[in-house]
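In the two complexes that follow, subunit A is the common piece, with subunit B as its partner first and subunit C second.
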Partner chain A sequence: MKNGHHWALIIIVLALSIFPIFLTGTPLPDAARSFWESSIGQPRGWVVTLRELSPLLIGGVAVLIALRAGLFNIGAEGQMLVGACAATAVALQMPNVSGAILAAIAGMVAGALWAYPAGWLKAYRGGHEVISTIMLNQIAVRLTAWFVKSPMKDPNQIADTSPRLAGAAEWVPVASFGRAHLTWAIPIGLLLCWLLWYWLRHRVAGYELQAVGANPRAAKVAGVNVSQITTRAMAASGALSGLAGATIVLADQGRFYENISAGRGFDALGVALLAGGNPLFVIPTSMVFAILNAGTSGMGLEGIPKGLSGLILGGLILIVGSLRTKTGGSDE
Partner chain B sequence: MRALDAVDFSALPGQIHALVGENGAGKTTLMRVLYGALDVTSGTVLLDGNEVSMPNSAAAIARGIGMVSQHYSIIPALTTLDNLMLGAEPSFALDRKAATERAEALAKQMGFSFRWTDKAEALSPASAQKLEILKLLWREARIMILDEPTAMLSPLDADALYGSLKRLANEGATIIVVTHRLPEVFEFCDQVTVLRGGKLITTQPVPELTPATLAELIVGRPVEIPSLPESHPGKELLSVREIQVKGDRGDDALKSVSFDLHAGEVVGIAGVDGNGQKELFEALMGLRDVYSGEVFLGGIPITDAAPVKRLEGGFRLIPEDRHHEGVIEEWSLTDNVGLGLQNQPPIADRGRLDRGALERTASAVAERFRTKHGGLDQPMASLSGGNQQRFVAARAISGEPKVVLAFQPARGLDLAGIADVYAALRDVSRSGGGVLVVSYDLEELLTHCDRVIVLCHGHLAEPDADAARDRGAIGRLMVGVGE
Partner chain C sequence: MNDFLTFAMNVVALGLPLVLAALGGLVSERSGIMNIALEGKLLGAACATSLVAASTGSPILGLGAGLLTATILSLGLVWLTQSLRIDHVVAGMAINLISLGGTNFAAKALIDQNQLSGAPTLAKEMYWGLGVLAAVVIIVGFARTRPGLHLFAVGEDPHKSRQMGLSPIRVRVGALLTTGILCGLGGALILTNAGGFTDGMTAGRGFIALAAVILAGWRPGAAVAAALAFGAIEALRIQLQGAPVFGVEIPTEAWASLPYIATLIALTGFLGKTSPPAGLGRI
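And now, the complex of A and B:
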């Protein structure tokens, strides 16, 4: 892949994104300083950036595995929500270390089950996964909102939130730098990036999955069970999205509340698209997203709308996406 | 690179002029120059003695030059009449009544008959070819360029097509035909131009040449006419018993087809495109359901076996649609070589993909038929059609195939390439395998196959023993007469 082009364009997009700041009237140096300090320039920035990073890293891998199989998993958001919700339920029942591990597994199972129908519909009924995952997102939002309003609600709180997890059920950080925590979610995410890279390149199953993504007809002629791989790839994508959702609760928030994923599932889609099919590139692209999210939240305090990060990321994805279509799109 | 090097070419009205040469000889480039699709770096194009510039094909059409490409430009969902007019409608408001009258007059002049209000999807390959010619007449073309016009036609339809072309030539049209089929040149053409490596070799009246000298001019060295080895079929390898298979539209594409392929045999399946060949191969590969009847491999039933099981059992397919079924164009040659072989050693090692083996196989496969490529790590899309076909064919015979299903294995290949591919298929049969070949070129099948059977409207027919190599008898079976 000619990454040189992409990074050059990314810089152009970032430059163009400065214009909205002028519209808000904030002096540019102030805005830049605010962005810098609230992302990676100050320890308090790192707190936010690292918190943003882990779901994006794991979610990016999740979406990427589906992309390699030719599936556009818009449903990562919903899969994260059900994963987070299921993980909370388990962790509340088992307030100990094994509960913390089982909760993560429960998140994966919930995410996989939530994605499975979309994969099945695509494989056996020709239903487009974009439509079905969008629908499943809607259901996930409503369903988890009901859980936290009713059976899972903490009666001592006015807001709709689950009770706080017992400390033992939360993931302890790998390392802490002041208030900035490096949670287990980050080494797990890095490991997943590498595992997926290895699996795609050095396993027959990974080869077959990419053949399905690149040309399902040719894959079928080559003896690949296309329907089975489509279903499994979607379920695997859902499982990892569910894990990403679980880490939001277990390693960060310590509780579940309505819409806890807050659009990170859609960000994960951008992370995966920007990574251009290579799981190892998920590491830098998720970092870019995390920095942008952290930086623009900080700029929000200066009166610059937080929507700016969405604007920048949207521009990036559009440009990279159009480049990729033109060049045929493979990273083999 | 120079595709054409100082080539002179002239065609006269009233003649059928054949343009022949191997892959990469420059035939396509020359045609595109004549049709305004490509500009020359030096040299001129003269029309009726005057220099003309044709920046695009619209300009070429305006000057009375028309072209029928190998891939017909007919839109199945439109009616025959609308297809005829498309792009050259007589006026802004369509007057279909007047158009039908004019179309009918043109068809009558050529001896064609069409039902103008029927959808074009119902047209046979021969009728589609005729409609393409009518489209040129509709646009008042005086110079017609046809690229492999008989590639998809039965011998009878091909004869009829040349009859029509002859008639047009007699009325003063200039006909230029690009063809790989040398018998056609001798039977129907007046002049022949030979290109080789972008250079003009000769332009001569056809009667001055013999088939052997023409073949030598094309290849550049004496050509041995391949002689069929004596056939010693062994035991039954693949047995097909009364299978019925549905087509894409739910019709019966195969109606009770039975035959045997013996070890050591190369069997040709003749027939016009769309008579069940595709469905037969897909059913044999396990890509299409067989809803009645049975298939055996060495006596073991495999009717419902998954494609992967068949590949493991030694089935190999050279698919009909190379681009969509044979390769993944954006993948490298190395990655493409694994398709279909990915579950077998040496490429698969208990679930691990042995990339070293993949590279070695790719290099051996590319070597086998001298595939021209710019590196095994380059995408498949960077190869020309003929070279992709070489690669796909070589992949299909790598390893130790038992049954090779070859769908038009010679498609897009030149004489040398065709000889290579059939020699390799012959090797498969010599080492105890069996080969089934589908081709629309009966000459090709008669030259290379031990036995020729015919598919027509989903029925299989075998010529009588005394007519086993009789072009006329087999040709009649191909169109369903004279059984």
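And now, the complex of A and C:
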């Protein structure tokens, strides 16, 4: 808290998060109870929270690896969409266990391919990765919308949706607590957090990646191939985002429809920023975002529109952003 | 001929919100503030215009509310990036999230849905006139006036311009105030075109406007041309409705992606190298 501006920001964010509830006429205690019960206060809340957790966990790691290399991957949303779409296409062709695994790999490949141009543009043509990933996001939304309207559409449905995956192609839960399922996506996400942490800390390549993120010019002088690392970091980030998208289909929804990622790519950026560059912190911060998403969607039953989550998450991102002004030397 | 006239009218109707937003984005980026929040400003303005016009019955109050909302969001970006030193990308993205969430909330919680579609609006021609005026003023002002040069200087190098006796923060506040007004007009025009507010109605137009700025290499005349060209693509898409062109069926999603694809190609620099303002996004 350097000065009064930070307090002003916190007050504004709190006001934006709480004041709208008064406008709906729902008493605050009722809204709070609804939030609590539909996130972690009751088993039915855990069902939703755990479902929300896996794409945020994996997506958070995805954005974080780019962030450590000094890249803002605003494109996680689009990479999730193409990843989810590709995974669905494979899983529909191969309705068995190997199909479920291949589908996840297809999601990763699609995500990496979707992120690659952004990394390449940044590394070799000086194009800002934020601009290119924004453009790629918009193209991804329209491309996947076309897929689900034409080649992948379930002819028996009126709405634009892919057919439901056959049972075996969906990921089976590792463990179940009542109706709350722990799918494979969560152990995989936890493992990825640890792997990235280990890699950044104990591997030369991980060290080089951070050197590029901290000061590309100095890294270059020290003999690091900055362009190559930038391209690879972006592709790796895309691959993980694609995997996160694939888990939305494989471990949760069981089919693909337009805009299935529903802003989770942007949530993932919040998760990574809140984690402050440490992959292990992605675990608690993705939980925070999962609880917020589950809680605010539960408040919908009390007549509080879901837009409230945007106000809260946006505000949270601002507070985090104000605490760490520079998240990696993106240009300097 | 009649077809052509309809098409031309559509280009103007669909292109002008993009022109207004692109000019807004241009002024902001020229002053050194990276603006990925144009989408949020357009959406906020469209929502406020519709809510206030519907509840008061006055289209002028509606437009006023739209301008005010976009300006608050725009000045918010200055505060967040200059006083709180938040990264420009993070701040812009958060503003988009807040606007998307806030408009969804406001439109659902505050007002009866049926009332929204009947909101009175001002004549489109007024917006068209203002759009043309804004374009002329900015194109001329950029090259030939003192404020235009100040804007340029602050965007290229805030430190040196401070040594020259300029106040970068003051120039940026002025610039983002302009951005807010232009985006407010753009959002109100999008609403006027559509007739009523729907959730997320700007549908990426803020990003198309940003694309126009980048494609134009941060030059005002070129930005206006790019925005109009993108308007023409949208008009073609609507007119064709997925009908085949020269025997090839082009899905409407492909048309809608064209501006973004063009911008990606422009970013490769193969079409001629353009460079953003040197101080863009720093400090």
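Everything below uses one rule, namely that the second predicted complex is superposed on the first by the 309 of 332 C-alpha atoms of A that agree within 3 Å, B and C clash if a C-alpha of one lies under 4 Å from a C-alpha of the other, contacts with A are read in each partner's own complex, and residues count from 1 in each chain.
Definition applied: a residue touches a chain if its C-beta (ideal position, glycine included) is under 8 Å from a C-beta of that chain, and two chains touch if they have at least 3 such contacts.
Being a predicted model, the structure only gives us computed values, none of them experimental.
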{"item": "Partners on subunit A (subunit B, subunit C) - clash or fit", "value": "fit"}
{"item": "Contacts of A:Pro20 with subunit B and subunit C, given as first, second, both or neither", "value": "second"}
{"item": "Touching partner for A:Gly223 - first (subunit B), second (subunit C), both, neither", "value": "first"}
{"item": "For subunit A as apex, the angle formed with subunit B and subunit C - C-alpha centres, to the nearest 10 degrees", "value": "70"}
{"item": "Touched subunit A residues, subunit B compared with subunit C", "value": "C"}
{"item": "First (subunit B), second (subunit C), both or neither touched by A:Glu208", "value": "first"}
{"item": "Partner chain(s) touched by A:Tyr198 [first = subunit B, second = subunit C, both, neither]", "value": "neither"}
{"item": "Subunit B versus subunit C as contact partner of A:Phe177, first or second or both or neither", "value": "neither"}
{"item": "Nearest-approach distance, in Å, of subunit C Cα atoms to those of subunit B in the combined model", "value": "5"}
{"item": "Those residues of subunit A which subunit B touches in one complex and subunit C touches in the other", "value": "330, 332"}
{"item": "Complex contacts: residues of subunit A adjacent to subunit C", "value": "5-6, 9, 16, 20, 23-24, 72, 74, 117, 121, 125-128, 130-132, 134-136, 138-139, 141-143, 145-146, 149-150, 263, 266, 269, 273, 303-315, 317-318, 321-322, 325-327, 330-332"}
{"item": "Subunit A to subunit B touching residues, read off their complex", "value": "201-208, 211, 214-215, 217-225, 328-330, 332"}
{"item": "Residue ranges of subunit C touching subunit A (in the complex, touch as defined)", "value": "34, 36, 79-80, 83-87, 89-91, 93-106, 108-110, 204, 207, 210-211, 214, 251, 253-254, 256-257, 260-261, 263-264, 267-269, 276, 281-282"}
{"item": "Contacting residues of subunit B [partner subunit A, same complex]", "value": "285, 287, 306-308, 310-311, 317, 319, 324-332, 335, 338-340, 342-343, 347-348, 351-353, 355, 379, 381"}
